[in-house]
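For reference, chains read A, B, C and D in written order, and residue numbers begin at 1 within each chain.
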Amino acid sequence: MNAEIKNDPENALSNLDLETPERPHLDSNELIINMGPQHPATHGVLRIILRLDGERVLGTECVIGYLHRGVEKIAENRTYAMFNPYVDRMDYVAAVSNGLGYCQAVEKLLNVEAPPRANYIRVILTELNRLASHQLWLGTHALDIGAMTPLFYTFRDREEILKIFEKYCGARLTTHAFRIGGCLYETYAGFEKEVKNYLKYLAPHIDEYEELLTGNRIWLERTKKVGVISGADCIALGVTGPVLRASGVKWDVRKAQPYANYSEFDFEIPTGENGDTFDRYLVRMAEMRQSLRIIEQAVSGIPEGPIMAKVPKVIKPPVGEIYHSIESPKGELGYFIVSDGSTQPYRVRVRPPSFVNLQALDRMVRGMFVADVVAIIGTIDIVLGEVDR
Amino acid sequence: MTEEPKSPVPPPPDGESKPAPETSKPLVATPAAPSKPAAPAVPAGPVPVPWSSPLAEKYKGRYGPGLEALSYLGQNYLTVNRSLIPGILQLLRDEDHFDYCVDITAVHYPKREKQFDVLWILYSFPRNERVRVKTQIADGESLPSAVPVWATANWLEREVYDMFGIKFDGHPDLKRILLPDGWKGHPLRKDYGILQQDQEWVHINLGIESGQ
Amino acid sequence: MLDSLMSYLGSTLTPGQANNQLWALIYVFIIFAGVSVAVMAMNWIERKALAHFQVRLGPMRVGPHGLLQPIADAVKLLIKEDIIPAEADKFVFWIAPLIGLLASFTVYTVVPFGPSQAVSDMNIGILFMLGVSSLAVLGVVMAGWASNSHYPLIGALRSSAQMVSYEVAMGLAVVSAILMTSLHGTGLYGVSKLTDGTGTLSMIGIVQAQQEQHVWFLFKFFPLGLIAFGIFAIAMIAETNRAPFDLPEAESELTAGYHTEYSGLRWSLFMLAEYAAMIAVSSIAVTLWLGGWMRPFENWLSGSTWDFVFALFPGLTFLALAAIAFVGVVRMPRHSYFRVQTIGLAGFGAVLALIGILLLSIVIGAKFSHHDILNRTAEGLSSVYWFVFKVGAFMYLYIWYRATWPRYRFDQLMRVGWKVMLPISLGVLIVTAIVGVLLG
Amino acid sequence: MTPVATPFFFYLLSGLAIAGGLLVITRRNAIHSALALIVTLLAVAGLYLMLYAPFVAGVQIIVYAGGIMVLFLFVIMLVSLEQTVKERQFNRMWPVGLLAACSLLALFISVFAKGKGLFVERGAQLPESANTQQIGVMLYGEAGRMGQYTFAFEIASLLLLVAILGSVIMAKKRI
């Protein structure tokens, strides 16, 4: 009664999922279990159908779309400026990155360049947002693995970043910080000082996170050799971001094809070796430290000058199409925009890193245990708002 | 992977002075050129120019008239006939190391005879170069699936199918991905209104008259 | 009536041994109420301590510093709708929490809070405790099965597998402690002789053995006792399904494990059973290795003066708690909103202070009056206090673990249980036996 | 040490054991049968206690009620129950079962008819605390002397060890 037999056509998995790496030795009943969409560990409304042999995962199928809001369709019915706030609602834990990517893509289409001071502000805020995103990831990921305490530590520190955002643009989460052509708001008085203070404050706290987790035996056992994916598999599956880097591929859009003014800053791309959950954790921790470095340099070198390029009130890019991508905290976030010369984009395609990375879940969880599934979902660092758009 | 490899694509010989001349890094927003920040966004903007590089020449030589290599704002793309599709993608990956399929998407032009543009946005790690492959198909026509070439094409093609109704032959599991399985209509088509929805589905599954 | 009540007070036997059914009943009620209150207090302390580990405040609204939060929770749980899933096996669903609760409360019959402060002293006390607490698994398994849902089922399977496997290592660790009761020795590796027929399974007998040997079994045959204790301390966390072995209730994987489908009163019965079981296994650990009701430093700080000083501890503890409450009163914001809370906290402090003064006066009175019943009461208070103090330390450890550690995965848990704990506990048992015989 | 309300508890526990036993064979739901079996086992443990055999009672609870029955439940839960509920409970073995039941009944009746004289009068009743030690002495012996059942006990444990090894070999693909 409690186990559905696998040949049930109603619940059969896709044929992709039925080719399993190993047949169970004893022909025990395979259990099909449904995880989500209301499940605490799926980070939103992700539904995963797991096919289990005991506690071992034979295959998965992700059912997504519960948060689909038709962002791309909305874009076609809004002007370029009006669509700008919508992008914040995709990856809502890294709204600033989304805005940066969109604004730069439209600027490229308009053939406009944001002034240097605007670029500095953008880099500072984007990197702060990367820190906030990684902190949220760390807290929830640790919570999935059963460590409660890091969550509260990271949220305490993330709060300070959100306060900076709030002071800068009035919003904490969906910031709408940037405008096409630069920034709307000048930095508030004491912005540099506050950011610098925050950097000083956070650096020891990152050590504190690591102290709680990095050497912890249980943490090591739960993350090492779990969800291993090779660099070649990552590339084939289009996986980008920290997941790709943890598999040993040293690739970061900020270095490979620098946007904004990332080429002016000195930072490193942290990479892992084994491509397991632990390496992804280490890569993200190292990335947080690199972000601190970037912000440090940006805050020290922020020039005076205008913050807005000359952009017409009514934005009418010439006919054409453009693809622009940035390194969001999750991976390569791309915008493909087609203009027909009118005030509204003809088509906006978002290349969401979470969506593409989530596809690698199946590859990562095969042969793992149910308990690892939550660890692996956490380690991919998805945001369902971005997966479903 | 190298961080910033030297692109094998040499600068184009013709000195056509377009706003974004081709550089070794076509996607960089040219930080060293702040001289014209105020280029007014006149509708008569830049036009695509032919893209000449060894890569483009190679494919032109191989496929001839079925292929056009263009460059717009420094971004290169190949417009190809539908018939070339599985072959050229395979070649791009195998011979020219475009090992990373960034995205697959489509654009709907309802007034054209061949209504859909389907695009493959590709990236090569060794060359640090992006290229877009673009083809046109009519409504109801299908395309060969790129899943054997790049595994990532699986979900991307499903999304294109979901949103545009373009079928991909040989796809292992072509079904809707973001919308519910029983939904009727493909919302990113231009003839699908922004307020439109599958009333019947909403009625049956949600028990309400309309989601609005 | 009163005579028969009072007559027992001079006895040095447990009511069960003295065959005093009335006092046995009174003890049962005291223990039942005490454990229930302890669970509620533990609930508050856990939430507060966990909150302070995690840079937050915890409950602050209901009562001063959330002191009334457990009561509010209890009321909420009692009046909540009691949901039974449509396809559930109603009878089993209904009886499962009761079995768990019964098992974890029955265990307290033999817990020796003091030399005579137990409902009864059974000849097979420790065996009884292990046996009855192992029945709690049945409640978990039945709950998981009766819910007719996947997550509870997997949770139940996990927890039964976990409890059954850790029981083995736990039992072997217990056996090595029991072995020590028959191996006389006066210190770490002091004079030791094997004596026939002095070993015992009785809980009170085990503590008395430690008293006679002048050593807590934790320190006996150092480090053997320590290792056995360590094994037990780990296994008992696994037995009670607490972090880092809280897999049956791992919310990130199985929502809430075997009690996913339970709500309201039934759910609270599970919680009550879980916390009662935690206290029960901690009592076993305290009895077996930490000298039960014995006060600390009986060897170093011996003599009647020191006895008196340590006997003052219970009263002083309550006075200290009262002092903390009064500090809280002083620090409470002077605002009309907080008036009720301030008065409440002051009253709470006053009650604590009264209890403290009462305890102190009993102890001081016993010291100077040499009245038999007063003496015995003072002794009993001291014993119960030290027992509860040690158990409380374990409870704090439970909270500390939960705040610090991630969760084990199931296979890792099993590996630790079978491949690490079992061999070590077996080895400790054998080495203890060899050492005992060699020194005997 | 005076026994507590012996006749009452004896009849209560025996009644529970018999009722549990009947439920075990009449319930269609295997889980319910298992639960009834647990009741029977606990009642039997109580009867042991009344016979001043606390050690046996404790072991009965730990091993049967706590250990074996959990494994039973474990197995029953893992197999699909819906079919077993529908299946006919009594198969063709019922004549054999009937024969066994009848002979058991005959045995009981004969014992009842012969009465007390059938049993050997045992020695003085042991105190409760010595009981556990007596078991130990019988199984392991005293200093310098082998116990009455040491050999049988060791053989039994060896047998169990072999059984464990066998089951491991059968269950494990590669060792």
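The criterion applied here is as follows: a residue touches a chain if its C-beta (ideal position, glycine included) is under 8 Å from a C-beta of that chain, and two chains touch if they have at least 3 such contacts.
All values reported here derive from a predicted model rather than from experimental measurement.
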A count of C-beta pairs in contact puts on top the pair A-B
Taking CA centroids for every chain, report which one is farthest away from chain A. D
Using CA atoms only, can you tell me which chain is the most central one in this structure? A
Calculate how many whole Å lie between the centre of chain A and the centre of chain D, each centre taken as the average of the chain's C-alpha atoms. 60
Between chain B and chain C, what is the gap in Å from one C-alpha centre to the other? 66
Cα centroid separation between chain C and chain D, in whole Å? 31
Just how far, in Å, is the C-alpha centre of chain D from the one of chain B? 74
Residues of chain A touching 2+ other chains? 1-2
Show the residues in chain C shared as contacts by 2 or more other chains, in ascending order. 153
Please list all residues of chain B that touch 2 or more other chains. none
Seen from chain C, its contact residues with chain D in the complex are 19, 89, 91-92, 122-124, 127-128, 130-132, 134-135, 137-138, 141-142, 144-145, 153, 156-157, 160-161, 163-164, 167, 196-197, 200-202
Chain A touches which residues of chain B in the complex? 1-4, 19-20, 25, 27-31, 33-34, 36-46, 48, 72-73, 75, 99-103, 105, 107-108, 119, 121, 125, 128, 130, 132, 150-152, 154-156, 159, 163, 172-173, 175-180, 187-188, 190, 192, 194
Chain A residues touching chain B - in the complex, by the definition given at the top: 14-16, 64-65, 68, 70, 72-74, 76-77, 104, 107-113, 115-116, 233, 235-239, 249-252, 255-261, 263-264, 269, 309-312, 315-325, 332, 334, 336, 338, 341, 346-347, 349, 351, 355-356, 359, 388-389
Any idea which chain A residues touch chain C in the complex? 1-2, 31, 33-34, 39-41, 55, 142-149, 151-153, 156, 212-213, 216, 218-219, 221-222, 369-374
Mind listing the chain D positions that touch chain C in their complex? 2, 29, 31-32, 35, 38, 54-55, 57-59, 61-62, 65-67, 69-71, 73-74, 77-78, 128-129, 131-133, 142-143
